[in-house]
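Below: a set of structures, written as structure tokens.
Both of the next two complexes hold subunit A, though its partner changes from subunit B to subunit C.
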Partner chain A sequence: MTEPLLRADKLTKHFVTPRTGQTVRAVNGVSFEMFAGQTVGMVGESGSGKSTVGRMVVRLLKPTQGSVTFRGRDIAPLRDRAVRALRSDLQMVFQDPWSALNPRMRVKRIIQEPLLLHSKLSDSERSDRVEEIARSVRLNTDLLTRFPGELSGGQLQRVCIARAIATSPGLIVLDEPTSSLDLSVRAGILDLLQELREETGAAMLFISHDLGTVRLVSDHILVLYLGHIVESGPMAKVFDEPAHPYTQTLLSAHLPADPRTQLHRHLLEGEIPSPIDMPPGCPFSTRCPLVRDECRTALPPMVDIGDGAQRAACIRIREGSNQVPL
Partner chain B sequence: MADLALDGAPKERSTIEKVWGKVVGISRRSPTSIIGFVIILFFGFLALLAPLLMPYDPIAANPNLILSGPSAAHWFGTDGNGMDVFSRVIFGSRFAFGIAIPVVIIALSIGIPIGLYSGYKGGNIDEAIMRVVDAFRVFPSIILALAVVAAAGPSLLNVVLVIGILDAPIFVRVVRAEVLALRSSSFVESGLIVGNPTWRILFVHLLPNAIQGAMAQTAVRAAWAVRISATLAFLGIGIQPPTPEWGAMIRQGAEFMVNGQWWVGIFPGVALILMVLGFNMFGDGLQDLLDPKRRSGGK
Partner chain C sequence: MSLLQVRDLHTHFISRNLDNEIRVAKALNGVSFEVSRGEVLGLVGETGAGKSLTAYSVMDLLKPPAKVVGGTVEFDGRNLRDLEAEDMNKLRGSEIAMVVQNPRSSLDPLTRVGEQLIRVHTAHTDTSESAARARAIEKLGAVGIPAPEQRMRAWPHELSGGMAQRVLIAMALMNEPKLIIADEPTTGLDVTVQAQILDLLRELVVTHNVAAMVITHDLGIVAHYCNRMAVMFAGRIVETGDVETVFDNPSHPYTRTLIASTPERLKEGKQKVLGGGAPPNLYNLPPGCHYVERCRFADESCNKPLSLDQVGDGHFAMCTRLDAVREGWPS
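Our next item is the complex of A and B:
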């Protein structure tokens, strides 16, 4: 078995609120692996901690506990200076392209900044490389002399992607890269990501709350709920046979493209609990339709399903009573 | 560019046309700022061409002509040493600019980096810096300036340094406030993800987006510098007579005022008022132009 490119082990992030001093348990012991060239989709509601996990993976945030092993080295305890050297290999694309670009920098300077910081290319080599990258993200090279304010949302997100791939990183975290874009533009960005994955061979961690988008791009799925991974597995398996009650309800809430499809939905009641006031035991126990008394006492462990590629954290899986009636 | 013109895009305008368009826009929105600018320009012209414009040496005393009133030979009369007031008022504009410009430069170059760092770092560092800034603010700056200049010695250099340092907290506050608003926007985060060290985040990414408020303040702060340096000289702490500095001249003039020799103090006083007014009027327009929060639709 090959070494994973990235291994997150029991990643935990707790924030302390400045006024009240309460602890926000944003991420609680998240473990997963990513291999070179793989696209992993991470799904969850807002407040599930998915963006926090993404930011810890690229070390924009320092984990409270746990380790992030990237290319065989634990990057969690590194100091800022050491993390900076890793930036050429570890990149991220943000949700909102309108605010992710310095409004007073021309597009060309934005895209070449990582090259300036991480390579020893001459000015003319850098210019050539910027044009090459711009073409590879289907960005008209005329736009290189413009300021971000003069570009459309889709073009801006292409600039963000161009900047992220400029130094050919091994791993790119994409934090909801399409959710603030128009539907028509979204498809173009997803196509581009698919192409870049084949061209560059970079592994991608694709964070989204939109199951349809994740399904299009991912090989592997992680389902997050209240800072816990409740289910993980190959994309097709998780979508066809979701094991965890939360994944089942999440998939049943997703609208299919065909409006005539018969819907079998189980709509969850209530809101995701506050990460300040975590329920004891299973994080999903407050909303789970299959909840039992023992769910509320201890955190359920991840259980292998079938050949072990798919795993979920529910105590009812072993006895086969984990199906939510739809 | 030919294909652009076909699309109906506006024809490329020359730089002069653009600048002129801006000037017309400003003068329509705030005519006072144009008046202010003209006043500053006028004094700048006096300062630059002082040697050509002065009929007499500003520090040449003529013992035969002490305290003579305005006449054809001495338009503004002569002072208690028999020096030509007209020449001294003209030369005084050099001191006004010589103080105002370095003071603003010193205040900017201290205030901007501290404001950037304080706003970006936040937390305890920011808290500590802001308490120091508050301490400066609650203490009347004229008293502080008096004390420090009196202790350090009343040279021009000391006056400029002290006033410049005292003025820095204003720029710290303005820049910090803008950085605080920008810090949460993700272009700072994406600057970090690309691998920028802190100094590049501060000066390459934050500074160009946070400097407008500080720039808008510069003219008003220049007015303040002119005023406070003249005040120091008037109180006898700053620049010493017989240097042709307006504050020092007003001080001398005040002594003769009661005897009816009004011209010694009034003319440098009018010059001082005009220049401070000019900077303030221009500064007001500058703030309207640069500070989007002050930009109002109809006025």
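Our next item is the complex of A and C:
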């Protein structure tokens, strides 16, 4: 078995609210692995801790507890200065390209900045490299002299992706990269990501609440609920045979853009509880249609399903009574 | 007979540039559609296509420099464009209700939820305060808010996004509207909550026999919650028909691109979607089809004035090159 590129072990992030001093338990012991060239899709509702996990993976946030082992080294305890050197290998693309780019920098400057910081290329070499990167994200090189304000949303997101791949990182975290884009533009970006994945071999952590998109791009799926991974597994397994009651109900609420597909739904009542006021036991116990008394007392461990590629945290799995009636 | 009939609606943004010359952005360019009681019409299109502007034009809620410059809006036998401002005010919030995208910003942050619901009712009727209160509690219950009596005293900031959207729907229902216009009612809500809200909306259409118009860019919502759909591009409806008909048999090249861009179709991997491209310049629109610059099938015939032509049973599209598109579209 090859060494994983990245291993997150019991990652935890708690924030303290400034005035009331309450603890927001955003992420609670999340463990997963990513391999070179793999695309991992992370899904969950807002407040499930998706973005916080993504930010800890690239060390924009320092974990409260747990470790992030990247290329064999734990990056969680590193000082900010040491993290900076890692940035060329760990990159991030944000949801809103309008606010992710400096409005007063020309596109060329934006894309070459990581090269200035992380490479020793001469001016002309860097210039060539910027054009090469622009072409690889299918960005017209005429746009390099423009300012972000002159570009459309799809073009801006291509600039963000160009900036992220400029230093040939081993891992890119994409936090809802297509959520703010129109449908036909979104398709173009997804297509680009597929191609870049083959060209660059970078691993991608794709964070999204859009199940259709995640299904399209991911090899492996992580399902988050209230800062816990409740299910993980190969994409086809999780989508076709979801084991955790939350995954089942989440997938059943998805609306495929095809009027001919029959919906088999089990609608959850209520909303995700507040991470300030976590339910004891299973995080999903307050909304689970299959809840039992013991679910409310102890956190269920992850158990293997079949050959162990797919895993889920539900006590009903062992006895096979984990299917929510749809 | 449709409840709402919009015919050839034109809305322009009229302003002056620095040289004091008048500039006109033609945002709506002949929008025509109708909605009947008991049905949900889905209005789809990309950002800037004029979906929300259509709703605001119908409701006469435009602010300068936007102005309706042509067309008719017939609602329940009256042309709304002929109504006095005062009569339009009476209609808004009672016979036509609107549910907007960002529920929290459309509630008054300094007034308790119950008070806001009561106001909507007493503004339009002679009901007593206590009758209005009873009605507000009933409506909060009807939209699935637990413990509605206690929730009457809640402040808007105490509500989650899904709850705030339910309160807005309850508010829309206070005066038993005939038409509900919902502008991106679930954008920003989680899928599980989205399903709850949309189920509620559809149930109201069926049980109260209201007409609904849902503005969205999510084709999943259109596919499962709308009876008919209208696809907008650059201020025009370029295709309209029953949802299943349009999905099975999209005719306009823009509709085809949209449907081919959905994750479900991309997954089938049948074709590469040719990217979006920029929307046309509303200050300087092409004389004929607005999609001409992004269309692979365009020729000289596309520069002539167009009409929404019938292509099937209740199915209309605005394109002169339908045969060429049908033959040339990669399958």
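Assume the second predicted complex is superposed on the first by the 326 of 326 C-alpha atoms of A that agree within 3 Å, B and C clash if a C-alpha of one lies under 4 Å from a C-alpha of the other, contacts with A are read in each partner's own complex, and residues count from 1 in each chain.
Keep in mind that, in the parts below, a residue touches a chain if its C-beta (ideal position, glycine included) is under 8 Å from a C-beta of that chain, and two chains touch if they have at least 3 such contacts.
Note that the structure is predicted; figures quoted are calculated from it, not measured.
By the touch criterion stated above, A:253 is placed in contact with subunit C alone, subunit B being left untouched. Of the two partner chains placed by superposition, A:107 touches none, neither subunit B nor subunit C.
Looking at the shared chain after the overlay, A:207 reaches neither subunit B nor subunit C.
In the superposed pair of complexes, A:186 makes contact with subunit C only, with no contact to subunit B.
Contacts of A:238 after superposition: neither subunit B nor subunit C is touched.
Looking at the superposed arrangement, the partner reaching more residues of subunit A, out of subunit B and subunit C, is C. Of the two partner chains, neither subunit B nor subunit C is touched by A:314. Looking at the shared chain after the overlay, A:152 reaches subunit C, while subunit B stays out of its contact range.
Every residue of subunit B that touches subunit A in the complex is listed here, in rising order: 185-187, 189-197, 205, 208-209.
Interface of subunit C with subunit A (complex): residues 46-47, 160, 162-163, 190-196, 199, 217-225, 243-244, 247-248, 257-267, 272-273, 275-276, 278. The touching residues of subunit A, when paired with subunit C in their complex, are 45-46, 152-154, 182-188, 190-191, 209-213, 215-216, 249-250, 253-261, 263, 265, 267-269, 271-272. Residue ranges on subunit A touching subunit B, taken from their complex, read 58, 60, 84-85, 87-88, 91-92, 94-96, 99-105, 113-114, 117-118, 160, 163.
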